[in-house]
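Chain nomenclature is as follows: A, B, C and D, assigned in order of appearance, with residue numbering initiated at 1 for each chain independently.
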Amino acid sequence: MIKVGIVGGTGYTGVELLRLLSRHHDVTIQAVTSRKEAGMKVSEMFPSLRGFVDVAFSTPEEADLKSCDVVFFATPHGVAMAQAPELLAAGVKVIDLAADFRLKDPAEFQKWYAMEHTCPDLLAEAVYGLAEVNRDAIAGARLIGMAGCYPTSVQLGLLPLLENGKALIETQTLIADCKSGVSGAGRKAEVGTLFAEAGDNFKAYGVKGHRHLPEIMQGLSAIHGAPVALTFVPHLTPLIRGIHSTLYARIRPEGRETDFQKLFEERYAGEPFVDVMPAGSTPETRSVRGSNMVRIAVHRPGNGDLLVILVVEDNLVKGASGQAVQVMNLMFGLPERQGLDVVPLLP
Amino acid sequence: MIKVGIVGGTGYTGVELLRLLSRHHDVTIQAVTSRKEAGMKVSEMFPSLRGFVDVAFSTPEEADLKSCDVVFFATPHGVAMAQAPELLAAGVKVIDLAADFRLKDPAEFQKWYAMEHTCPDLLAEAVYGLAEVNRDAIAGARLIGMAGCYPTSVQLGLLPLLENGKALIETQTLIADCKSGVSGAGRKAEVGTLFAEAGDNFKAYGVKGHRHLPEIMQGLSAIHGAPVALTFVPHLTPLIRGIHSTLYARIRPEGRETDFQKLFEERYAGEPFVDVMPAGSTPETRSVRGSNMVRIAVHRPGNGDLLVILVVEDNLVKGASGQAVQVMNLMFGLPERQGLDVVPLLP
Amino acid sequence: MIKVGIVGGTGYTGVELLRLLSRHHDVTIQAVTSRKEAGMKVSEMFPSLRGFVDVAFSTPEEADLKSCDVVFFATPHGVAMAQAPELLAAGVKVIDLAADFRLKDPAEFQKWYAMEHTCPDLLAEAVYGLAEVNRDAIAGARLIGMAGCYPTSVQLGLLPLLENGKALIETQTLIADCKSGVSGAGRKAEVGTLFAEAGDNFKAYGVKGHRHLPEIMQGLSAIHGAPVALTFVPHLTPLIRGIHSTLYARIRPEGRETDFQKLFEERYAGEPFVDVMPAGSTPETRSVRGSNMVRIAVHRPGNGDLLVILVVEDNLVKGASGQAVQVMNLMFGLPERQGLDVVPLLP
Amino acid sequence: MIKVGIVGGTGYTGVELLRLLSRHHDVTIQAVTSRKEAGMKVSEMFPSLRGFVDVAFSTPEEADLKSCDVVFFATPHGVAMAQAPELLAAGVKVIDLAADFRLKDPAEFQKWYAMEHTCPDLLAEAVYGLAEVNRDAIAGARLIGMAGCYPTSVQLGLLPLLENGKALIETQTLIADCKSGVSGAGRKAEVGTLFAEAGDNFKAYGVKGHRHLPEIMQGLSAIHGAPVALTFVPHLTPLIRGIHSTLYARIRPEGRETDFQKLFEERYAGEPFVDVMPAGSTPETRSVRGSNMVRIAVHRPGNGDLLVILVVEDNLVKGASGQAVQVMNLMFGLPERQGLDVVPLLP
C-alpha cells in the first residue's frame, strides 16, 4: 500500500483527491493537513466523505509527511516549493497541483505569480504532469508540477497537430476560447464567485493576461519543438464543474489534405483518458462530470481552412486531482486507470 | 424632489434601491456612501446602472446626509442605530433595511444580534415597516425599521387568519417552511454561498434558531393581539432571488366553515402589492422577480383541518428595497406604487 | 454472472441503472430495450457511457428478455404490468421502478394513475422495494415494486418513530414538505421542466393530490400497523438531482422523554445506506449526489413538542436506480453494497 | 395610441413584448393571438403579467388584426410570410421577430429553413430590423424582418471595423465564438433544453452550419459593401437569458495604428442602446438582463494583431422583443427609448 499525504485538504482539489483515493485499492491515506482545521474530521467538513474517509485534519507537524511515500500539494501557489526540498530529501515523492513547478523559467514564475521562486534548482528536475505528453518522464520522476486545468484541455486539443515539428497548422495565430465552471476558482471566500454573482451570468476575464497562458505556450512549444503563440480568452460560465475549450487553428497549405479526424483518432488510440468523438460531435461537459476523461471533437466548417477543436474535461478531475492520481499511478508502476475507473455522472 | 441618501450602497439591497430610485420621478439620489469605495462611480461597481446612476460613492463625511430628506440604511446590523439619532435630530427621516429597529425589546435584539442596542429609546418610536399592517403609522413616522425578507412573507401569509384576535386557526402550532434564494445572504465574501457550494444543492439551516423567528413572533402577536407561536425552518435553494414560504396552520373548530379563499381575497382587495391567486394556484417565485408584488395561494388539502398557504416574494424587492421605497412613498404622501410599477421579469 | 435486462433505457433511471450496473462485478448487461432507438448504441445517446457500456438498444422482440435472470423496468407506468406475467412465468425476476406494483389496492392504482391494473393478482405477491423495511421479503421475492423517490425519503425519515405501533408521535397530523430536483420529472419533452422555466424558480405543485401520497400513506400505515395520515406538499427546486424532505411530527405526551437522536441512531446502526447525522446537523443534497446514501438529521426546536426531521437523498439513486440495484443484490444473495460503493460527488 | 396586435403570444418573445408594451405609454395592446389558448387570459399563462395585461388570447379570426396599426409576429418561422401580404394590403405595419424577412435571397431562406418562401417579392421591400445600421430605412418601412439574437451581437461588435469598406481588419477570417442562454431555444417542449439536460452543462452546437450564419454574413457584407466571411460557433450555456459573443478579428497592416477604443466610442456615441465599456472591461451578461442595452469591450491582447471584441446582450430584449419595440418606435416617430427605459436586473 502506498502511503499518501495530502497537504491542504480543505479545497476542491483536496476533497476530490480524497474522493478518488478513498476508493483506490493500492493507497492508504496517512495524513491530510490543515493548520486551521486540525483536529476536525475531514468528513465533518465534507459530509460526502462520511463512511469513506475516517481521517482527521492534522497540523503539518503532526502529519509526519516524511513517512509518506508520496505527498500531494492541494494548496495555494507557493506552499509546495517551501516544503518540497525537505520531503524529496527524505525520499518522498511530491506531486504539486498548484503552479510552483509548472513554469521552467523562474523569472516567468515570478512575473505571473508575484513571488520569488525559492527552489529554482528543482524546476529543472520537475516533470510537467501531463501523462499524454510525458508518460515516461513521469514514471521516473520524484517531483511533478501538475498541468493546470485550462492548459490540459488546450494542449490535448492541439497536441496531434503540433507534435514533433508538424507543419499542418499555423503556429503563431492559435486561439483558445475557453469556458470554465466556477469551481475552477477554488473554495475561497470571494465576492466574484458567489452564487448570486456567478449564477445566471456569463463573462470573459483575464483577457489581458492569465497565468495559464505562459504555461500553455511553454507546453505547446515543447510539444512542437519550436515557439508557438496563442491568444487565450477564458470565460466564467455558471456550471460547477467542467471546462469547454473551443480551439481555432488555421490549416497551412501543407495540411489541407490531412484527414484530421483520423489523425486525432490514431494519436489517441491507446490513451486511456482521451476519447476522440465521432466526426460531427459536439461533446458536453457533463459527459465527463466526475471522471478523468477528456472528450475531443474535430471540426472543419465548410471544409475550409479553419480547424475548430472542441475539448471537454472536468476541471477538478482531469484538470486537477484525477490527473494527479493518474500521474501517481505512473510513478508507482500501477495500472494507469487504477482508482479512476469512474463512470461520469449524467445527468 | 425628495433628496435621498443611501448609506451602504455596495450590497444587494443597495444596488436594488438604486435600480428602483433611479427611475422614481420624485426622487433625487443625493449621496451613496461607502467608506471603502469612496470616489468610485457606483456604475463602475454595478455596470447595470451605467446610464442610469451617475453618482459616485462618497465617505459619510462628504455625503452631508443631514441635508437629505430621507436616508436609507442598506448596511450591516448596528450601523443605523449609530447614526440615526443625529439624522433624526436634524430632521431627516430614516429607513433602516437592517434589523436595528425591528425588535421592540432591546434584550431580544442583544440576544439575537450579539450587540447592545445603543438607542433603545428610539425603539419605541420606530415603526415596523410592513405597509399592509402599519400603513397609517408609517405615514406619520420619521424612523422605520423595515420588515425582514422572511418575516414579510410569513406575516402576509398569515395576516388574514390572525388579525384582531380571530379564532380561525390554532395559534401555538404554526409552521413556516421557508425557502430562500442565495442573494438573501448578501454580497459578502463567504464560502457557504459560493456558486460551487450553493449551486445544485439544497439544505435547511438555522433550525435551532434564526434571527427572523423573534421578528415573526413579535409581528404575528401584534397582529393577533395575543401571543402566537411558530416553528420556522429556513432553507437555502439555488436561485438568485426569491422566497417561497409554505405555511401550515391547523383550523380550529370555529374556523371550519370559513371560506378562506374569500377571506384572503377580501382582506387584500385594496392592497397594491398583494395578489391573492385563484383557488388551486401554486405561485412561482419568478412570477414576482424584480417586482414588489407578493403572490399568495390558499390550499386546504382534502378539505381537512390543515391550511397550506403558499407565498412568493422577491426577497430583494418586497423583502427589502422595494418595500422600503413603498414605505418612503407613504412617508412623503406619494402614491404608494410610485417607482414600483415594474413588470416582473419572466423568464 | 447475473444476466440483466433493462426495459426502457432512454430515461434518467435507465442511464442511472447503466452507470451503476456497468461497474457491478456480478452483472452482465444483456439487453437494453427501446423500440424507438433500436440499433443505436446506448453510448451514442449517453456519451458518458462511452467506454463503459458497449451494448446497443434493441427492440423488445430482439432482446430475448426471458433469457435474463432479472429485468428492470425503467419505463412509464403501465409497461411493467403488461410484461411481468410472461417474464415471471419464464422464471425471470422483475424489478419495476415505476408505480405498477407499489399500491396494493388496484382501485387506488386506477384512481391515481388513470389506467386499469391488468394483473391485480400479482399485486398481492409483489414486494415493496424498500430494503430498510422489507429486507427479508425482498430476498425471497420474484417481483418488486420499487419505492418512489419521495416515499423513500419520507418513510425512512419517519420509520423509527412509527414502527410497530409506537406511540411517540401523533399519527394523524404528519406533514411532509418535500423539495425535489428537476430530474425527478424524467427525461420527457415538457415545457414545465425546461431550463428557462424551472431555472431560477421555485414553486409548489400537486398540493391538491400527488400520486406519491397514497404510496406514502400505505407504507407508513404498514410500518405502524395502523392508519397514518399525512399532508404532502411537494416543491420543484432548481437542482438537477436531489430530494430534501422536511418532516414535521407532533410529539405525543408519551414521547416527550424520548432521546430521538439515539432512537434514530440505534434504528439505523446496521443500515448500509442510512446515515443519521450528528445532532444539530443540516444535511445537504449534494452530500449524497450520485450515491445510494440517505442522510437524516433529527431536530426538536426549542425542545418543544414538534419534531423536525431532515432527509436528503439522490432521487435517481436511493430514490430509484441505486435502490433497485440494492434490491437486486438482496434478491440474488449478494452483498448489499455491491456496485453501490460510490463516493458522492461534491462539489 | 398605437393599436398593437401580437401573433403568437405564448412564447418567450411574446411574453417579453407584453412585458415591455404593457408599460409603453403610447401603445394599446389590442389582441394577442393563440389558436391553441384562445379564451385563456394571457396572465393565466404568465402570472408575472397579472395586474399589467388584462387581455385574453384570441383566435386570429377574432383578433381583427387588420384594425391594428402594427402587428408583431412572435411566431415560428413561416407564419409571418403567410399573413403579412394581407395585413400590409390593409395598411397595417408588420414586424416579424422570426426569420421570414431576414434573408434577402429566397433560395438561401429555403436552404436554411427548409420551406419555400411564399412572398419573395416582399423580401426586397422588407427592411432588416437593426436600428444601428438601418435607422432611416426602418423609419420609413412598413415591413421589418427583425435581426436575430446572435446576428445582432455579432454585427454590432464588428460594425465600426467594417463599415463603408474600411480596411482595418481581415474580412475573410473572422471568428464569432458565441454563447447563448437557453431561452434562445424558445418555449418549446424539447428534451435538449430540459433543466436536467442543459443545467450544469456546456456544449457547442451547430458547428457544421447554423441558420444565423447566412444572416450574419449578409449583414456584415452589406455593412462592409463587399463580401465578408466568418466562422460562427454557437454554444449553449446554463443561463436563462443572455448572449456573450467573443469576436476575433485580425488587424490588417493598415489598421495597426488605429485607436480601436476610440473608434468604437465615437461610432456609438449617439446610440441609445450601445454602451462601449472603458478599455480593459469584461462585460457580464447580467449587466444587461432585462434591458435593451448592448455592452461592448474592445481588447487587443499583448498589443498584437488580433482584436478580441466582447459583446453582451439580453437575447430576449435587444436580441428580440426589445429591439422590436425600438424599431416600432422608429416606425411611428416616437422617441427611440420610449418604453425601453428599464434598468437591468442585477443580481
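Assume a contact is a pair of C-beta atoms (placed from the backbone, for glycine too) under 8 Å apart; a residue touches a chain by one contact, two chains touch by 3 or more.
In UniProt terms the chains read A, B, C, D = N-acetyl-gamma-glutamyl-phosphate reductase.
A quick note: this is a predicted structure, and the numbers were derived from the prediction, not measured.
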item: Which of C-D and B-C has more C-beta pairs touching across its chains; value: B-C
item: Chain whose average C-alpha position is farthest from chain A's own; value: B
item: Separation of mean Cα positions, chain C and chain B [Å, integer]; value: 39
item: Whole-Å gap between the CA centroids of chain C and chain D; value: 45
item: Sequence positions of chain C contacting 2 or more other chains; value: 12, 181, 183, 187, 196-197, 199-200, 238, 240-241, 283-284, 286, 289, 347
item: Contacting residues of chain B [partner chain D, same complex]; value: 12, 15, 19, 22-23, 46-52, 183, 199-200, 240-241, 275, 277, 281, 283-284, 286-291, 293, 295, 316, 341, 343-347
item: Residue ranges of chain C in contact with chain B within the complex; value: 173, 175, 177, 179, 181, 196-197, 199-205, 207-209, 231, 233, 235, 237-242, 244, 246, 248, 250, 280, 282-286, 289, 299, 301-302, 304, 306, 308, 310, 312, 347
item: Complex contacts: residues of chain A adjacent to chain B; value: 12, 181-183, 185, 187-191, 193-200, 238, 240
